[in-house]
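Structures given as structure tokens follow.
You will see chain A twice below: alongside chain B first, and alongside chain C after that.
Right after this comes the complex of A and B.
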């Protein structure tokens, strides 16, 4: 374990991912489901994770600059509407840009309220969450004569990775290596291949952009002068101001970027996933993005992991009509909770250990007692997961020091 | 007087700005704003519409008080929505199982609703004090858990008639007449003419007034209310003054949830069961009403009436086609956002004036010390 922690991130995370898949494979070998490591599951995971991740990354920009952004949900909804409208009027790529602009308008409103006028960040966010659906209902009704649905939109499409997942290059169909490995049906190896294939086949362009945003954001925020100044605005704005940094401007830029990213997530939902704007389709993914941000400890890679984790549970639920896969997931929960309990014991955290053991025992009893889990449980599992993650890890996280505090020019 | 002007300037200003913005939005899409506002006002001047407005303002007001109890100590109970729907479902089911004399039946249903709301909100409070989980995120997650999980499950299980799904049998078993809060048309008719069109003024209005008075007394006359406000203003000072912060958080969340439990009583008195599609959005609306009314018991009356008026007006706009009915939601959203900004501005002006006044007073009394 110590060795693993010393490795650079690009070695560490793939190993963690492999360990996670190993756990899923082990559980799957003792249960009557194949969906835990099926290609549709990982594809669905990515589809769910992208908007969650984009919203979470939006939250990252805003909160790194010290502005709590609970209005992400509203900005995502604005992005959903403007993305759909732009796609219908001007085509899919411009549609995405217009969706981002729509989200950015929401971000600008949040910045004006919180940064310029010193409104409490959560209050302003709540106001935006109430205003945004109202705006989209009104605009939909005026433009599409229906408050909740738009005509169908055009999507920017997807891409099969050549060689690995059988994509075509200049009309020539490359071999589908992962499918071949999948067909060998080797224990674990084929499972990894199937899951990977779901990520690499029919991959939305926006998903690829979203993944590329992880290194891009890390570089921007931790390796450039712009990023350093943005983070000063969230850690110690007075010190930054004393150095002559225009803190207000950096906060504005950060919150507007935040809205644009949430808007891109929203545009992805309407134009790529559902193929039309539909009120309520956001399904709270802006809020879950916020949870992914907390889970990821305010770091881009962490946000992605959080989004994929929540996306996996959502995606599995969608593909799991008879509840057997969610039933197998109970065993995964048990094992993970036992792991958490063991970790808590080594850290001498008695309360954590007891709580994890009790919850793990409950999950195990349920797993033994039932053949399948009912629909309602798989519906709420993602939200329960968010709560559980926060219950065990909320106190270990480090948020930006001046998060949520008002800043006024000239204050010391 | 000056204080009153300060307090009134922001909401009135916000209303004016909202009217300007919505007028622009209406003109952009070819509607005549004056015609739309005219229709809304003439509709609202009818007694029957006023009954509708009061019926809608009642749950908004209760919801606003639920949110305001949290806001007063910097707790953001975003979960009012889930709390009231869950409480409504359990209360409807319990109410349908028993037969009691009217007063006890109604009291039982209300007590159950408040207890369920308090317990569900309490989870977020306990998570906050024991595990440091931010209540904003936890109440949002608890909303989703209640609405798409617990309610969906129990609604199926308690469906009254398991075989025939017609629109009249959908929902939980109906509650006996004795469990339904009677309407108070008679009370209103003392002052006015008879209410027509089969409209009924909800009896829960009286409960809402009681809750409003209790909220006022709690904050101004009671030790607990003082502790609550002190913890909100400065938790460290409150703690030094002997206010236990953890207990206060859990207590405030539970109290907030208990009031939230009452929101559904308006609908329950009307339908007598948990219908498959209960009125949603009252929880989030209540947060808006509380923010607009600045958590003040009187201010929230006005903002609840405003929100209810806008809700009820959407119907008439649809009928007369003077404007798209969705404009009322825009008005609610804009008036909220503009108002919170306006409150931020007035607060700054006020602080600056106070600072100046204090500085002047100091200069007048202690000139020597300033020089030294």
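Right after this comes the complex of A and C.
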């Protein structure tokens, strides 16, 4: 464990991922499901994770600049509508840009309310969440003569990775190595290949952009002047203002970027996943993005991991009509909670250890007693995960120090 | 050679007050110039004018012989003037380097920060002035003294050669003050000019080359630090005799108010921070605890108040056991508490004074009952405190942060003493407040002692400790290492016990 912690991130995270898959494989071998490590599961995971991640990354920009953004859901809905409209009117790529602009309008509204007028961040966010569905309903009715649905939209499409997942290069079909390994049906090795293939075949271009946003955001926020000044707005705005930095401007820019990213997530849902705008299709993914932000400790890589984890739970549920896969997930929960309990014992945190043991026991009893799990369980599981993370790891979470605090010019 | 700073006839009026009245100040190049005066004497206003934060109504300013007019701190920075504020302007979760370069980042055309270049420049500045700091440390991991060094380097990084330090020692413990003074001497050796504000006279005498004293907005004296005594300075500052903390005849009775027996407290990691401490305080007695900060004094207070769990031992107030009681019950049983950090633990800064007066006593008459606040009673009581304890405020509805430190402290002392406690815990009761308020606080504690109050006094000001206490005990690494009579102990002796240089037999200390 100590050795692992000393490794650089690009070695560490693949190892963590492999350990996770190992856990799934072990659980699957004692369960009557094969979906835990199936290609559709990881494909659905990514499809769910992209909008969650983009909303969460939007939240990261806003909250790193000190503005709580619970309005991500509303901005995502605006992005859904404007993305669909833009795609229908001007084609798919411009559609995505218009979707971002739609979300950015929501962000600008939030910035005006919170930064300029000092409205409580939660109240402004909730107002945007109420406003956005109403506005899109009205616009749909005006433009498409239907309050809830649009005509079908055009998608920017997807891509199969050559060699690994059988993509074509200039019309030549490359071998599908991962599929070959999958067919060998070797324990664990084939499971890894199957899951990986779900990520690399039929990969949406937007998903690729989203993943690239992780290093891009890290660079922007931690290696540039813009990033340093944006972060000071969330850590100690008075200190920044004392050095002549225009804190208000940075907060505005950050919240508008936040809205644009959530908007991209929304446009992805309407144009790439559903193929049309449909009211209610956001399915709360803006809120889950916020959960991923907290889970990820306000860091881009952490947000991505949170989004993938939540995406996995939803993705698994989607193809799990009889509830057996979600049922197997209970055993995963049990094992993870036992791990948390063991960790808490080594840290001499008695209350945490007892709580983790009790919760682990409950999950285990449920797993033993029931054959399947009702589908509401997977809907609330992401929130349960966030609660657990907050309960057990709150001391390790570091939110920006001045998050949610009003800033007035001239304050020292 | 012209002076680094020459202010002539500076006048600044605020509605109803003249903050600076025809003030003159000349600071020579390469000297350490102290500006002292009571709170409200106009020191801060003068420095704000010099740093371009406020314009003067009248008067002229010359920097290095050239006449200047500043409209913002940026103008002052351009002229090589930098200011280190009393309250640090640092972001905890940023690195030292990020905090220092903020606002003056060297970047590429694309906006990427050239961290290597910034680090090299920082190393250069640090070397020139003999200050060391690790640029990659997170600020949250730094001690107060180190944070102050970051602030100073931040100013130097921007090319300042004239430094204004606003009450730099107010937030520091004694060893850190020594380190700061060493740094200041290094800065001077490196060619910097330093103006620093302070009202601790021994510090002023130790470090400064010249001293300017302000009183009621006027310059009352400006002189080289040559044969001046603390007594002279104090008289100049307050315009009268300096008050001393000395208590008069003993009022110690035979009735034990607080009895602590064999107390042990452990921190989160299970290490003992207090080991087998036994002590008692009688009615009418002030027990002073001396010790370098962080040797368990704070943990002892927490254990008595009930904000930390104890590992063993007993704490009794007037014969009844406290250890099983909640903080609330303990307060109601008659413990008054003047916390070490009045902003953090003593007050709700944004709340009006009358709510602050009720704080900690909200379940007791006249502030309220178990469930309800009694607005009328609380307000009447606050007015009484305001009058009896001379809290200078326009009314009791202003928020606590509008008051000066001394008046905030008087409000806290008043709140605790008017509830007629049997035990008062006073942690650094006069830290960071001016001479006048200090004398008032001493007087109130003395009066309560005469009425039979038992007081646990913790202070880093050794003169205060010796002057007020009936008995002094010394804490070192969580143990009581000495028990001394204040009549025959000097600050020097105390210092020796505090650092472990002198020892007393165990049975004598117990």
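Rule of thumb we're sticking to: the second predicted complex is superposed on the first by the 408 of 412 C-alpha atoms of A that agree within 3 Å, B and C clash if a C-alpha of one lies under 4 Å from a C-alpha of the other, contacts with A are read in each partner's own complex, and residues count from 1 in each chain.
Going forward, contacts are C-beta pairs under 8 Å (C-beta built on N, C-alpha and C of every residue); 3 or more make two chains touch, one makes a residue touch a chain.
From a predicted model like this one, the values you see are computed outputs, not experimental measurements.
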| item | value |
| --- | --- |
| Chain B versus chain C as contact partner of A:269, first or second or both or neither | neither |
| Touched partner set for A:291, first chain B, second chain C, both or neither | first |
| Chain B versus chain C as contact partner of A:123, first or second or both or neither | first |
| Which of chain B and chain C A:387 touches, first, second, both or neither | first |
| Superposition-derived comparison: chain B or chain C, residues of chain A touched | B |
| Touched partner set for A:135, first chain B, second chain C, both or neither | first |
| Common interface residues of chain A - those touching chain B in one complex and chain C in the other | none |
| Interface residues, chain C side, partner chain A - complex | 73-74, 85, 89-94, 98-99, 101-105, 107, 110-113, 115, 270 |
| Chain B-facing residues of chain A, complex | 70, 109, 112-113, 117-120, 122-124, 126-135, 137-138, 140-142, 147, 284, 287, 290-291, 294, 351, 374-377, 379-380, 383-384, 386-387, 390-392, 394-395 |
| Of all residues in chain A, those that touch chain C in their complex | 219, 223-226, 228-229, 231-232, 235-236, 238-240, 242-245, 348, 398, 400-401, 412 |
| Residue numbers on chain B that touch chain A, as the complex places them | 25, 29, 76, 78, 127, 130-134, 136-138, 140-142, 144-145, 148-150, 152-153, 284-285, 287-288, 291, 324-327, 329-330, 332-334, 336-337, 340-341, 343-345, 347-348 |
